[in-house]
Amino acid sequence: MAKTDIGPPDYRQMLPPVVQRNYGRWRFHEIVRPGVLRHVSENGEELYTVRVGSPRLLDTDAIREICDLADRYCDGYLRFTSRHNIEFLVSDQSKLEPLLQELWKREWPVGGTGNSISNIVHTQGWIHCHTPATDASGIVKAVMDDLYDHFTHMDLPAKLRISMACCLNMCGAVHCSDIAILGIHRKPPYVDKELVSKICEIPTVVAACPTGAIRPNPKEKTVEINEERCMYCGNCYTMCPAIKIMNPETDGVAIFVGGKVSNARTAPMFSRLAIPFLPNNPPRWPEVVEAVHNIVQVWIDHAQKGERMGEWIERIGWERFFQLTGIPFTEKHIDDFIFSVPTFRSTTMFRW
Amino acid sequence: MAKTDIGPPDYRQMLPPVVQRNYGRWRFHEIVRPGVLRHVSENGEELYTVRVGSPRLLDTDAIREICDLADRYCDGYLRFTSRHNIEFLVSDQSKLEPLLQELWKREWPVGGTGNSISNIVHTQGWIHCHTPATDASGIVKAVMDDLYDHFTHMDLPAKLRISMACCLNMCGAVHCSDIAILGIHRKPPYVDKELVSKICEIPTVVAACPTGAIRPNPKEKTVEINEERCMYCGNCYTMCPAIKIMNPETDGVAIFVGGKVSNARTAPMFSRLAIPFLPNNPPRWPEVVEAVHNIVQVWIDHAQKGERMGEWIERIGWERFFQLTGIPFTEKHIDDFIFSVPTFRSTTMFRW
Amino acid sequence: MANSKTPRLDELEKGRWPSFVKIMKRAAVKKPAAGDLLKQLELSYEEKVGHWKHGGIVGVRGYGGGVIGRYSDRPDRFPNVKEFHTFRVNQPSGWFYTSSALRQLCDIWDKYGSGLTNFHGATGDIILLGAPTENLQPCFDELSEHGFDLGGSGSDLRTPSACVGPARCEYACVDTLDLCHTITQEFQNELHRPMWPYKFKIKISGCPNDCVASIARSDLSVIGTWRDSIQVDPQAVAAYADQGLDIQGEICGKCPTRALSWHPERKELEIRREECVRCMHCINKMPKALRPGRERGATLLIGGKATMKESAFLGWVIVPFMKMEPPYTELLDLLRRIFNWWDERAKNRERIGELIYRLGMRAFLHDVGLPPVPQMVARPRANPYYYWRPEEVRSNG
Amino acid sequence: MANSKTPRLDELEKGRWPSFVKIMKRAAVKKPAAGDLLKQLELSYEEKVGHWKHGGIVGVRGYGGGVIGRYSDRPDRFPNVKEFHTFRVNQPSGWFYTSSALRQLCDIWDKYGSGLTNFHGATGDIILLGAPTENLQPCFDELSEHGFDLGGSGSDLRTPSACVGPARCEYACVDTLDLCHTITQEFQNELHRPMWPYKFKIKISGCPNDCVASIARSDLSVIGTWRDSIQVDPQAVAAYADQGLDIQGEICGKCPTRALSWHPERKELEIRREECVRCMHCINKMPKALRPGRERGATLLIGGKATMKESAFLGWVIVPFMKMEPPYTELLDLLRRIFNWWDERAKNRERIGELIYRLGMRAFLHDVGLPPVPQMVARPRANPYYYWRPEEVRSNG
Amino acid sequence: MPTIQFGDVQVEVDEDGFVQDPKQWTEDLARYLAKQEEGLDNLTEDHWKVIHYLRDYYQQFGIAPMIRKLCKDTGFDLKYIYELFPSGPAKGACKLAGLPKPTGCV
Amino acid sequence: MPTIQFGDVQVEVDEDGFVQDPKQWTEDLARYLAKQEEGLDNLTEDHWKVIHYLRDYYQQFGIAPMIRKLCKDTGFDLKYIYELFPSGPAKGACKLAGLPKPTGCV
């Protein structure tokens, strides 16, 4: 039997020698060009990092390809980032240019640093998950194709972080992204009552509902859904296979905007609803691509230097954001969940 | 039988001629000296207003005294303000100085304009109400005696609006005041069970509790209070005479700060807990007087010109407010009611 | 002093602020009720506890509200305040009075009551403090005869109030006094005969300075505002600068949206109209030079209230702009729809703000027929729990 | 193209961003499972709906988590993905690898699985996408033999992760990698054997830039910070100015607390230490001139999570500053108390943030023994509903 | 506590004249209170309809109905109820019906 | 749906081997599953203690107990439960006890 509880490999074995030597002793960095960082340590040693966009879904051949490059240019060391980009760690400056050349030839995009869009954090979608309202990889590919130049150039007012989650579980943690793409359902789930009574824990299903839309029906040992109250989150489905929520006709995508995570300048913020629904239109989701493009472009055109999406919107006001982007404001934008009250406008200050 | 539904007297009959002539045609005003406003109309007419502090509790003799003054100096016209001050409406400038002289002789304080403290909006307390945790008039008198010079001088960084309510019903609407003085209970109410069953509507009592601390006891037709959950608001008492909440030993006063109502510069804000408890110490509540004095003084010493209490605190941060005032921060300051979450600190930005 | 009957209260005769104790003592000379009130209050000061019994439900014929019943819990010691009910008398709009009207009130109150009053109550009424049950009806009859009527109490429309407005303020964007009077007259039945789940308060301020604190203290708050540009008198601006006002620092620097630029060379103040959120700050600081725009009306906000029981709410914008001109039909109609919506759905003692929180702003706006606009929210929802009307989902396929 | 079996997915081979479809196609050549996955995905693209069955509970001996079970709902058409379970393999701290470690993984995965992976999962694990049930145990055995272990899944401690930290970042105020590794090792049992009410996530960032988004994505967020003054290299500041950086506008003007003053005459940057809230902005813009202070440690925040079910929370400060040095006893002890507190009280599937919201921050702090400090709140409560411990009321008399 | 004596029954009432023990209510008591409190010499069918409605509702739910409900279920508008009971539904009708004194919001 | 056949009973199970109709559970079935799924040749007293505890709890509350509760009420620590059921409480013990498949958080 296998050893258990050994834990992950010790990171120390994975660090390139230049890092081991300068661990905790870096002094500053600069962005040499889009996708290339230069870190300088206290004793003057240098480390070049080349950041490469990745689709995240990699086959073993792709990984071996990356390993080959690392062997050739980085003494066999590399890392991945918290947004799933690949980082080649070049300690020998002379190898930088050849690596970039080779990446260019192999069509690996170099970028994602500074005031650019980085990789879209995303999720499984139809590739592997059982609850998605849309696919993840396809939308990400289509959107990144469209925004490609903003990955390889640092021409944005500030960093732009897009995330994508294929259902309300939000494994892509889209809730604090400059732009969030979120798969949503729009119809209350169908309950296979007989099956519920057999294979589901009814109290668990009832407790799962954020809006209290599920009543137990103890007589028939099943549950009933109050369709007026259901907000289609799918949490009951997660708890019970006898509940169906996926619907090819009515599932689709919502766009949230203006979130951020860093504490730089302004506190972290949630992303907020911009577009309640866009249709699922595979393979390239043109409506989603266009909507994201529009928001990014309006931001580029109006934001001040250094202003993240949410900082910009908070400065100009949400009423102006809707006006500038041409996105219609609807009753759906008005919160009616637990913490709704603090989102209401309790002042006469607003723009026309 | 009396006529009903006639409504209040028509305000038009109450307006001095100068107001009737210039109704809606005022062009600007200035504060001639503390307590004296000069309004100038489009056609150049002038109206002097003399604002006089009032204890609000007036006997008919006091009203007649005011009427005499109005007759003598204002052609018989006067008004009261939304904060219960008296305003003499002087249309003849030559009568201004004599009026001020006479007010001075009669010891009516003139002030409350501009960057001063105005009258303390307050409530009935032990004078007339059945639910108070403290008296109102006594505290108001003691605090105003202390802050008197800030009423008659405009020497504050900005307006200072203090309100006082003798129980959580907050008839003084203290919830948006620069400084709020609030009577509070600190022990769960005592339930006279037998009486409850006779004279109270049990469902109403149960529904009254903001924290869900009241369970019906259908067997004995009474109610029970979960003492861990009770926050002593007294709402159950309001609904049911068989519940007792007043307690001479443990009732007292809390201080909230930093609220405002106007939309000038910043949106309206709630007052927030500064001091959870000060004892009921009649007749002059020295602890309360001292606490208010301290807060006002620290504000004066540190605020920028034009900064209301809440604006100042929001600029310097609440952690600094507690530090500067020397008020201890306790678990009570941390919200645990409905909208607690948005009051938590969700950023690493704070001062030490 | 040593054998004063009110040694504690006597302490409150000291100090410079007018003393309510002096006033009560004077009243006590004329009125036994005032005397007993003073003594009962002294007892409260001694024991640190109130001495009024719970509740009391008294009134005058034909009305369900307007009188607050109150009984002493020590009628043995203070027989003259055994019954000590108060009237809420509806004030004239803006709290303007002639001395003769006030004297009339005094005469009536000396006849039937304790001679003590509050000018005014926190809602805005004239409070006549303390009369025995048997005097209620005759006192009311005489008040009514002299043109006074009662204000609200109980689960009804509470007495509306308004800032001084156009009567004496250059900032007024709506005729607060007329509007307040009109609403009060229009809803006399709702004001006098409690019929609703709980109280409903209306307050009207002429501009965003909100001098009646309507946003915090009324279920429906009406606040004057404007849609066009602030009116500027350039000469007067220059004059302020000449007098040494720090326009850059004190005015432009505190404009919440940085809508103002000061050009010291030209002594010119530039206002970017589309950025101005009409906070009043610059106008407040330079009343001789700046005025609200010409296209005036009001913002309506709903739900303001104090802390009990779902916590305090500030009013929420539901109509960013409404013209406010007599006969105010649009507003009165909207009020009726709002009353009705609330009345049909609320639980007992549920303020409208609490009901909207419970059922969702969406439901409220939809049912009373107000279109959603971004001015209603500080920011849109951060959660994905929003409702799709079945017809929408069908059509969106 | 016309008779491609995946005409829809083929569209996603176009465009400049690396194509996952190309990758899947390549894998399909070697692995029937990858081929069937591609075809099933094409079906999803055609029908706009997923084709995986609900749930699946599979695993390896001795562990309760680490494998996500998945079954196709069309095993008739896609027999090779009938069973298509994924491994979550615990990444090394900071996602550093040697090529040989990666190759080893690839070899194992080619042997037992589909050859498809995610580098990485959203929590930070290496995701090995798709293996049949019978391969799970042997695959795990081999992973383990080569030094890899599984990450978390289910109601357990989830795989902690950390930003690159001191390994390559000059801003790191704590040793994120070491801390992450230590925590992971310390709580192996909690990570592999679900025993709690729900998942618990820990993420560690070296400074307030929070490059692992820990404040939004972890139940316990550790963020490096400092207590003393930012370290300034005056020459380097002047150099930035000389190079044309607009220090007044871009740095001082955007400091959230206006803690910075720029004196262009002297080319001097003044930092009012007590006003600085350590947002990192000025340091980010002038990394050659400014550095975090010397007295370093971390701020701890609790409760961060996504939207389900009581809505999303950002982490809440519970410890403004804690020294972070091996063996991290204070932190590990606190973690144990936190786990325990939550485990004893939470309902099924209640994240710790939701539990704290339900029971109140007061209860949490009290029970785990953390003193209340104003740094925990953006602002104090605005309501008067606070609790008095009976002993306090007695002593205050 | 004041009491009222009518016939040979002693009924405890509070200062406002509300019956303290709901069990003591009888139709006679209602008639007596009608005279004493509302100056009504006799109670019409409509009076009884309101009184019985209030009692039934109270017995079923333990609370007095909201005014809207009272009007809807009796079919009387509020003005008419004030005609029937000049002191209004709370102080007038509820008192005659022997319900506990309405509290709170006054 | 796959089925398992043991003796003359046909029992429907899902892909993971969880019994679909809880009513079909018998002690024999548990023994059979123990062998098939966990490789356990015989079930000790402690095994049965856990199994019966799970069934009782499920019958009473309609849900599986939380792990903490399971450990507390059986007196076994989690490590020991993994020794008893190598696949763990959910995949192992619950399955043998014939409970519905634990869902969700995986």
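Chains: A, B, C, D, E and F, in written order; residue numbering restarts at 1 for each.
Basically, contacts are C-beta pairs under 8 Å (C-beta built on N, C-alpha and C of every residue); 3 or more make two chains touch, one makes a residue touch a chain.
Just so you know, these numbers come straight off a predicted model, no measurement behind them.
Q: Give me the chains shared as neighbours by chain B and chain C.
A: Joint contacts, listed by label: A, D, E.
Q: To get from chain E to chain F along touching chains, fewest steps?
A: Counted as steps through touching chains, the separation is 3.
Q: Report the chain whose mean Cα position is at the greatest distance from that of chain C.
A: Looking at centroid distances, F is the chain farthest away.
Q: Suppose you list every residue number at the chain C-chain D interface; are over half of them used by both chains (same) or under half (different)?
A: On the two sides of the chain D and chain C interface, the residue numbers are mostly the same, over half being shared.
Q: Report the inter-chain centroid distance for chain A and chain C in whole angstrom, where each centroid is the mean of the CA atoms.
A: 48
Q: Measuring from the mean C-alpha position of chain C to the mean C-alpha position of chain F, what distance in angstrom results?
A: Once rounded, the distance between the two centres reads 66 Å.
Q: Would you mind pulling out the distance in Å between where the CA atoms of chain A average out and where those of chain D do?
A: It comes to 13 Å between the two C-alpha centres.
Q: By the touch rule stated above, which residues of chain B touch at least two different other chains?
A: 168, 175, 204, 208, 210, 233, 241, 249, 263, 268, 270, 337, 339, 341-342, 346-349, in rising order.
Q: Residues of chain C that contact two or more other chains, please.
A: Residues 53-55, 61-63, 68, 189, 208, 210, 215, 223, 256, 278-279, 307, 311-312, 314, 348-349, 382-385.
Q: Which residues does chain F have that touch at least 2 chains other than itself?
A: Answer for chain F, listing residues that touch two or more other chains: 63, 101, 103-104.
Q: Spell out all pairs of chains that touch, sorted by label.
A: A-B, A-C, A-D, A-F, B-C, B-D, B-E, C-D, C-E, D-F
Q: Under the touch definition given earlier, write down the residues of chain E that touch chain C in their complex.
A: 15-16, 18, 63, 66-68, 71, 78-79, 82, 86-91, 101-106
Q: Inside the complex, what are the residues of chain A that reach chain C?
A: Its residues touching chain C are 168, 175, 182, 184, 186-187, 210-211, 228, 231-233, 249-250, 254, 256, 258, 270-274, 276-277, 279, 314, 317-319, 321-322, 329-337, 340-352.
Q: In the complex formed with chain F, which residues of chain A make contact?
A: 198-204, 208, 238-241
Q: In their complex, what parts of chain B are in touch with chain A?
A: 263, 267-268, 339, 341-342, 346-349
Q: Considering the complex alone, what residue numbers of chain C touch chain A?
A: Interface residues on the chain C side: 208, 210, 215, 223, 225, 227, 256-257, 274-279, 299, 301, 303, 313-317, 320-321, 357, 359-363, 365-366, 372-388, 393, 396-397.
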